[in-house]
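Same chain, two partners: subunit A is paired with subunit B first, then with subunit C.
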Partner chain A sequence: MSIFLARRFLTFLITLSGASVIIFLLLEVLPGDPALTMLGVDAPDSAVVAIRLELGLDRPAAVRYAAWIAGLFHGEMGLSYVYKVPVTELIGQRLQVTLPLAIGSMALATLAALSLGIFAATNHNRIGDYGVMGFSQLGLAIPDFWFGILLIILFAVILHWLPSGGFAGWDDGIWRGARSLLLPVFTLSLSLTAVMTRVTRSAVLEVAREDFVRTARAKGLSRRAALWRHVLRNALVPVLTIGGVLVATVLTGTLVIENVFSLPGVGKLIFDAISNRDLMVVKNVVLLFAAIVVVVNFMVDILYAMVDPRIRIQT
Partner chain B sequence: MALLSVADLTVELQTSRGMAPAVRGVSFELENGGTLGIVGESGCGKSITALAIMGLLPDGARTTGRVELDGTDLLRLDEDARCQIRGNRIAMIFQEPMTSLNPVHRIGRQIAEPLRLHRGLRGANARDEVLRLLDRVGLPDPARRIDAYPHQMSGGQRQRVMIAMALSCAPDILLADEPTTALDVTIQGQILDLINELVDDLDMGLILISHDLGVIGETTENIAVMYGGTVVEQGATSSLFAHLAHPYSQGLFAAIPRLGEARTTPLRTIPGTVPELADLPPGCAFADRCAKATDVCWRQAPAMELTGPDHRTACHHLEVVA
Partner chain C sequence: MIGLVLTGTMIALALVSLVWTPHSPTEIVIAERLKLPSASHWFGTDQFGRDILSMIMAGAQTSIVVGMIAVSLGAAVGISLGLWAAARRGWVEDMIMRLSDLNMAFPVILIAILLTAGWGPGITNAILALGIYNISIFARQVRGAGIAMWEREFVLAARAAGKGNLAITVEHILPNIISIIVVQATISFAIAILAEAALSYLGVGSQPPDASWGRMLSESQDYIFLTPIIAVWPGLAIVLSVLGLNLIGDGLRDLVDPRMARRR
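For the complex of A and B:
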């Protein structure tokens, strides 16, 4: 086990160093000088040079890359060009919005997808199955931002039940903060639910045809008992796989959703940072997203082994 | 009264080309502690007959006729009542021990399941009973194997586990659908011996399904030969082997390779293939592969006729026996 963990940690470091190089190089070739963006195109040359010196942009790329990585090992991400505060501080604040949004969406989608997928599979080729599949088709076809706008029109503009956007913060109690995240979570989970429902349904249908399910029924288990005791656990593996992949979708989804609902989250942070050429923020947030995706998929691998004893952890 | 009495059983299955008859008018009886072999090629309806007795036919199947256990028609019982019988009074073991066990549960738990369901055994009581069963089916070192997963066992061991599971509630009838087909030849004999021994000891009825007339002949007191969804010949094993009356049974018997034959002797086969269920001819299902077939065979299905003591055959061209 410890060898396994050591290996996975090494893979983690290699993946992230690869990602960091790509991110850094991409930002190098990205048109738009941060100094010019900050000062405006009419700024005198002397001011631009001064800013470039202040930001350390006059140093060679290799030196700047090394400084960035060395900083990360000390838990430092540098100063934001625009906000003039440490990037770690910015990300820390913004995660208070984005983490609940992402985790909430994943949790809601998983719960809904498992229920709908199992329901559809047990009503295979009947009206309930067609209904769920139709809903899932819609969920895949509807763009997130548009669905979000529809929800705002209904629940905020017409019914006045929920705020149309903005974040109330966690200081006035959990409910006030959660209230402002309800519509965003619902919006973001729509397409996730649609994808996971399909995977759950087909996994349950496939496992239900296995010989061991017939054995379970031959023991005297009812259809329902055979489903709960013998089908579901075997059907979980493909659902876990797609869940791990969807974490990346959720993170990129926050970019769109946080803009639609004007939420001060990490997605909005990186969106603004790109427009402002706040490269210090951009590269660190992208690297953070990459790290989250790698870590989640590592956890998925461990879950595999817990669900299916045939999948041994490779040492 | 017979323990199990199957009368005029007909099963239609849903196929892409509509309802197709998989079993047509099958009748047989099984006495208390009796043994019956059902033999035939793949697709002759022998497994579907077994699944109809269990009540585990695929969705959309239509069944008519009667399947009576101690006089109760199982086909008229609701699903809950059938669940009470499955695994309790009638148990079944399947062909593929590799896929018939759930890969994510330990075998002890899987064997304990019918015990909990039908006997209410739990915890240590269930575990003790499972250990006893594993020992009974000859699995070495049960105390260690009880916590193994199926993938950690060999095919023969898994089939022993399947048998232990089927035996757990001391059923009146054991249905064994090709229990040795997927196993190595050396293991096949061991598993058949085990089944025979258990059937004797526990006084269970046995219905053994196989494509191998040799296996059936050695194991069961009675035989039913199936072809194209119907029984073409049935009776006491001794009577049947004394005089195989149906051309299909004769072909099946001739197809068994024998030791001591010259190397150059070609394997005997029955020409042609099993008919598609959806387009069975109106007459005898075997007509298009039968050397003796005449016009009447195509037009009219033959009825069962007595062809020996406790031995009946359905064929238009029976040789007259004295």
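For the complex of A and C:
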């Protein structure tokens, strides 16, 4: 196990460094002069010179990259060119919206998918199963941003129950903030639920056919007891794995959904940064998201190897 | 069957729109703005008085073209890398798998954000982002299936007959895993349509005057308090196209792997 861990950790480090190099190359080296990228090609020379000095863009690319990474180790991401505040501060503020959105949708989706998946599997090839599978097929095909717009039309335009967008903040009590996140969380959880329901259903069906389940039933265990004691525990492994994979989907989902509901989260921050050509913000937010994806994949691999020893031998 | 009908309709709409649409998808008629569905405008008109049905027909072209180019790009590179990894194993496989790890650190929206921040928004960057995103998906699938194929006896026989890695790959491995590739391509195509719509919705995909379902949705969002129906049509077009492709993908997978069908 320790050799597997060491190898996997090395891969993790290589992937993370590779990702940072790619981000830096794509944003600051390949498009040409970053000062021109930020100001536009028509910018007056004096402004270009000034921004080069201000952001240290006159230094060679390798030095700038090293300075960026060294800063990250000290928890510094530089100053936003537009807002003139540290990027870490900006991201910290925006995560107060993005994190609850991501965690809320993941929690809702897990709860819904486990219930629906188990329900479908225990009603295999009956009307309930077809209903759940139909829902899941539809959930995979509906773009989440459109689902969000439909929910706005229903709950804000027609029923006037919930706000059509914006974020009330956490200062006036949790309920006010949570209320503005209700529709976004519901929106984001749709496709996640669809994927996880399918995986839960087929995992439960698969395990239910195993010999040890039949043995348990032959020993007189009721269907329900066999399901809870034997089937579910084993069926959770693939569900856990797909949950890890879905973290990337949730993250990129927040980028889209925050724009649908005008939520001041990290997703809104990065698209505003693109329009404002605030490279410092784009660079660090993209790295943060890529890093989260890499870390979660790493953790899923380790968890998976702990559960299933065959993985350790293969890799 | 439903999948074939839905996908067929989408392709037919795109083809017809090349030569005919009920109205011009780009013509602005302010007097006709935000009209509800009627005999002259079946799906109504948008905030500029453009005919929504015509825009949806033209938008199908964008979705299909973007999906086809992006998936072909990802498939071409991914399949080559996957086949190479399966044939050579060792350090080649290691290197390709590490590159694929790196590729997977960037979901499609992040790639699109990077390309847009560096080179500005546009359909080319959206296609590139989708293509790059698909590389590791195809490479991993093909490598896995390829390795299993290399252990079969007919490959051993071909090797005994003196054939090299390239010849065996082209003559024996590829033809035997093509069905898996076709299934993956169908699913990737569906994902590409969803992703293109999302990128255009966010303003980093196709740009005006090209019609795009995603951009139609983002433009319509400002008017849902006046005429909510205009936000319904483009979304329906996306759902039906993606549903059609997913159903075809599921059907093909059942054909390729009948055990999967029995499990359903």
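We adopt the following convention: the second predicted complex is superposed on the first by the 268 of 315 C-alpha atoms of A that agree within 3 Å, B and C clash if a C-alpha of one lies under 4 Å from a C-alpha of the other, contacts with A are read in each partner's own complex, and residues count from 1 in each chain.
As a convention for this text, a residue touches a chain if its C-beta (ideal position, glycine included) is under 8 Å from a C-beta of that chain, and two chains touch if they have at least 3 such contacts.
No experiment lies behind these values; they were computed from the predicted model shown.
For the composite obtained by superposing both complexes on subunit A, the positions of subunit B and subunit C are free of clash and fit together. By the touch criterion defined above, A:V300 lies against neither subunit B nor subunit C after alignment on the C-alpha atoms of chain A.
With both structures placed on the common chain, the touch criterion links A:I23 to subunit C but leaves subunit B unconnected. One geometric descriptor of the composite model is the angle centred on subunit A: between the Cα centres of subunit B and subunit C it reads 80 degrees, in steps of 10. Greater residue coverage of subunit A by touch, when subunit B is weighed against subunit C, goes to C. Legend: residue contacts after superposition of the two complexes on their common chain; A:A50 is shown touching neither subunit B nor subunit C.
Taking all C-alpha atoms of subunit B against all those of subunit C in the superposed arrangement, the shortest distance found is 10 Å. Only residues 210-212, 214-223, 229-230, 233-234, 307-310 of subunit A touch subunit B when the two sit together in their complex.
Across the complex, subunit A is touched by residues 98, 101-102, 104-110, 113-119, 190, 194, 197-198, 201-204, 214, 217, 220-221, 224-225, 228, 231-232, 234-235, 238-240, 242-243, 246-247, 263 of subunit C. On subunit B, the positions that touch subunit A within their shared complex are 54, 56, 79-80, 83-88, 91-92, 94, 96, 99-105, 113-114, 117-118, 149, 151, 162, 165. On subunit A, the positions that touch subunit C within their shared complex are 11, 14-16, 18-19, 22-23, 26-27, 30-31, 37, 137-138, 140-146, 149-150, 152-153, 157-158, 202, 205-206, 248-249, 251-252, 255-256, 259-260, 270-271, 273-274, 277, 279, 282, 286, 289-291, 293-294, 297.
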